[in-house]
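What follows is one structure encoded as structure tokens, with my remarks underneath.
Order of writing sets the chain letters: A, B, C and D. Residues in each chain are counted from 1.
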Amino acid sequence: MSTDATGIPTRRTYSYLGPAGTFTEAALGQVPEARDQIWRPVRNVAEALTDVVEGRSDAAMIAIENSIDGGVSTAQDALATMPGLRIVGEYLVPVNFVLVARPGVRLEDVSLIAAHPVAYAQCLQWLSAHLPEHAHLPAASNVASAVGIVDGVSDADAAISPPGILEHYDLELLASGIGDNANAVTRFVLVARTVAPPAPTGADKTSLIAELPDDHPGALLELLEQFSTRGINLSLIESRPIGDALGRYRFVIDADGHIQDERMADALLGLRRFSPKVIFLGSYPRADRAIVHYPERYSDDVFVEARDWLRGLISGEPEA
Amino acid sequence: MSTDATGIPTRRTYSYLGPAGTFTEAALGQVPEARDQIWRPVRNVAEALTDVVEGRSDAAMIAIENSIDGGVSTAQDALATMPGLRIVGEYLVPVNFVLVARPGVRLEDVSLIAAHPVAYAQCLQWLSAHLPEHAHLPAASNVASAVGIVDGVSDADAAISPPGILEHYDLELLASGIGDNANAVTRFVLVARTVAPPAPTGADKTSLIAELPDDHPGALLELLEQFSTRGINLSLIESRPIGDALGRYRFVIDADGHIQDERMADALLGLRRFSPKVIFLGSYPRADRAIVHYPERYSDDVFVEARDWLRGLISGEPEA
Amino acid sequence: MSTDATGIPTRRTYSYLGPAGTFTEAALGQVPEARDQIWRPVRNVAEALTDVVEGRSDAAMIAIENSIDGGVSTAQDALATMPGLRIVGEYLVPVNFVLVARPGVRLEDVSLIAAHPVAYAQCLQWLSAHLPEHAHLPAASNVASAVGIVDGVSDADAAISPPGILEHYDLELLASGIGDNANAVTRFVLVARTVAPPAPTGADKTSLIAELPDDHPGALLELLEQFSTRGINLSLIESRPIGDALGRYRFVIDADGHIQDERMADALLGLRRFSPKVIFLGSYPRADRAIVHYPERYSDDVFVEARDWLRGLISGEPEA
Amino acid sequence: MSTDATGIPTRRTYSYLGPAGTFTEAALGQVPEARDQIWRPVRNVAEALTDVVEGRSDAAMIAIENSIDGGVSTAQDALATMPGLRIVGEYLVPVNFVLVARPGVRLEDVSLIAAHPVAYAQCLQWLSAHLPEHAHLPAASNVASAVGIVDGVSDADAAISPPGILEHYDLELLASGIGDNANAVTRFVLVARTVAPPAPTGADKTSLIAELPDDHPGALLELLEQFSTRGINLSLIESRPIGDALGRYRFVIDADGHIQDERMADALLGLRRFSPKVIFLGSYPRADRAIVHYPERYSDDVFVEARDWLRGLISGEPEA
């Protein structure tokens, strides 16, 4: 896809949750390599990732977590079950919402509100305070919620959307800044087919999904110890049901550091030996470029020195 | 509400996610005390719980977890933030789905599918296999998805609903058994205002929500140890973002046992001392009535004996 | 023993390892209550403790640990196996040694050295450097080693003794300050019959001996966690064989704090529930009077508050 | 030493605690390679080990632990401080004691008892029961105790010795089988200069000494976890004071397995990274030839498979 049959470079294709105007599109706008390439709007996360797996796209931008509602379950579950994918980048998009309606509608008239479920969850405090008896009509995206009102195909009286919606559609602003947290952000990841991880930058993150060996009290403890005993901080730990029975979980984990850091490589080895199933999703630069700090005793040279020591013991060299 | 002004008993009121025909209504049907009482359909979880807090209802039935999609985030978050509530019972409802459409529509015509997001997530494998290019139109409930089609207010070509929907509406069955797991169940809890927990039955569950003291590698480990060091198994552990910043979580926990079990009381004491915020949601009989097993060393009499021993040491009695 | 038949106070009796001049006597000299009382020299630790158990003495002073050679095994084992005793005080004695001989003997003549084994161990570096081919003739006390030379009943050429020996006997000083550590101290404890512990001072120590439940990899870990999870530091942890088979140990522990501290009481409860045998030896003021510091989260009021909270949960009070 | 200047093999030399008749000599008798070689009796453990370090001997047999009295402190401390040594074999000697005296002496006449301190500790129960008011005169070995009586240079009335003493000296048997445990054994190790460990046999033991990084509550926990998290059982764990201050310890450890076992190599790496000082004393066949059992998840092939997996991740190969 990146070259044609004669070796001439062709444009790359990026799948994202459309239509134009979504937060996902804003995330894709942060990717320098995606400029002037083909942007392919799709209708759900599974479709975006399937595009990548089947070669229709070079990469897909998907929402993976937001600061109010937590991990995006469908994205996590898709990554857990679709092989051949790897996260290669992370992007943060500030999230803010407005309540819009057809011209003439007043706030006190609003009873049914169209909103993408994740957006809805992020405005729940505002809604409970100002429209306590509303009902929720889930929408497929933050743009679709408003489009349905404009088109008249939706029963909803009002819609929750990003502020930019007002530039594209003839809608009345009923309230702005209705998100429960002014600092809310959504975290997106760019997903490609399996490749070698980009080189460490010192400000990296490693994503993975692991299952527990069996349902005994200490199994999750033991999983977490694989990281804590190597001085590795986890920025995300979420449980997701495996789906075969109540009480069986896999864990979605973001760990500070890169697979080529000795301590992370050692933790991954420990995890692999412990867990019946580990999916490595990738090591990639953090969106915030924050350098990862860790205790000196877990630095690369400590690991290298210990291996040299062990080698000397086995060969029978006198200790220094 | 249970008695009128003259002290004469009145009927109790139960709030649930309506309309008639939802899985939530089926769960309420399992409550013997709710028979012949007032069933109050509401439009969202927050409304159901607010009914209880404000005295409009005696209890609310809400979905809390399902075997495919995991914890119901909005319910967990509502319980984490609304004080004065307590879980008093647990109920399991088998979950099965059909794909329905207006008469005359064929499966190959289906492009846009109306479905409650939780139901949608439970049918994703089937949909990816049979309708890979579909789009999802989220619906407010498993009944609303189908009603929108019948009424013609929804753009959707088909809807995901419980099988019983065919008894009430003129709809065509396109496919049945489309849930990804034939054994799927949803777990519901009955929530009342704060009361003393019902007496232990030996087959009990304790639900709670706890925050971690701060974001260091070992904090979650320490939380889990409060249970594992008292021989208590956890049947549910889910993280939910607190919402003030990325990377800050509270944990939703179901633990085997009752607050009046010595080992559970001791674990709760440890948890309270450790965590900046613990919300006790209740101890109540398990839906499956499975007796809780635990190592003999954590039985009540071991705790009682140790306290007697300590008392003797402090008073200076010679050891036996 | 402290009163005679007519209720008139009588003098108290203290047993100690004699004869006069031993470090143990110096330790007893630090006890204000022992001044002008009866000091009873005995020949071994078991005899001193038996005096207490059988009522011949009110208390016994015994060496329990020194900074070079570690715990005094015979004392630890006696405390582990003789019931009815309790440590009520701790005393530190600086330890220094000289090498002495009969007048006329020169250092280069010395081949066989009489020394109490503990003293011998504390001078081993000096001896290896200055008298590498010496042999050791163990003596029953630090005074007996020198007395044997004076009396001529011992074959030894020289003896290791405390410096004060020169004031009582006609001996030649061959070398002084021969201890391997100039700051060496020996720790002594005063042992009485079982009584209520003295009141907490804020600078207390708790001594105990515990067996492990069985020989599995994690048992010692679990024992140590009883303390670490309550913020309690251990100043001493020594293993001693139980004696019935190789590989079976009991652990001698000194923990910072007092049995009436909530965190220590809770740790003792946990230990009692876990261990097949726990011997509480006493809570008593530290010899160095150093105030015990611990994380604020383990303070008494945190424990009290958690118990109040638990009581409220069980009674059904709404949470504050 | 094993060859002369012309390359002709010479006899090997073995140092041991003499004189002839000690338990140490019995241990050396178990070594097939030592048959018909030079046996060099010495007077203390330090002398035996110095012989090896300085090339006067090829190996030294030393007592390291007994089932009643625990680790032999002087031997442990010597191994901790003398570099260039390695344990190459382990031997067990059953330990039994008799009480002997000059002809004509009766048990009721005995007041002062000569005994090596380790032997004395193993007979303490018998002595407390039969001779409660005895005093102890420490002897340099289990043979020297009796020789002193025969020679008349010792004040002692009786001596504790191995039963074989009666074959060599004109002594009266006052009591036999006076050891507190009929199954008592002493464990000896054969120590050579640093060499490559002998090949794994499946029934191996690894001995080491480690210091803790600093005096905080969790440091010993963390040391033990290096083994428990790799499924390695410890058959010996003893604390020994480092000697520079009260409360500072090193730990003497025997772990089941061989340095060439993957799980042991990994534990040693973890230990080296954690501890400021680790002394590897050797991997060698266990005296009892008992095969080491461990959970399947810690077998060599699990480690090898995990490394292959990690290598694939880093190179970007699609996961199988």
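Throughout what follows, a residue touches a chain if its C-beta (ideal position, glycine included) is under 8 Å from a C-beta of that chain, and two chains touch if they have at least 3 such contacts.
These figures come from a predicted structure and were not determined experimentally.
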Chains touching both subunit A and subunit D: none
For subunit C paired with subunit D, centre-to-centre distance based on mean C-alpha positions, whole Å: 26
Centroid spacing, where centroids are CA-atom means, of subunit B and subunit C in whole angstrom: 57
Centroid distance [mean C-alpha coordinates] between subunit C and subunit A, Å: 59
Residues of subunit A engaged with two or more neighbouring chains: 225
Set of all touching chain pairs, with the criterion as stated earlier: A-B, A-D, B-C, C-D
Contact footprint of subunit A on subunit B as seen in their complex: 43-44, 46-47, 50, 65-70, 73-74, 77, 116-117, 121, 124, 128, 132-140, 148, 153-155, 180-181, 183, 185, 187, 215-218, 220-221, 224-225, 227-228, 231-241, 243-247, 249
Sites on subunit A touched by subunit D in the complex: 83-84, 86, 194-197, 222, 225, 229, 259-260, 265, 268-270, 272-274, 279-280, 297-298, 302-303, 305-307, 309-310, 313-319
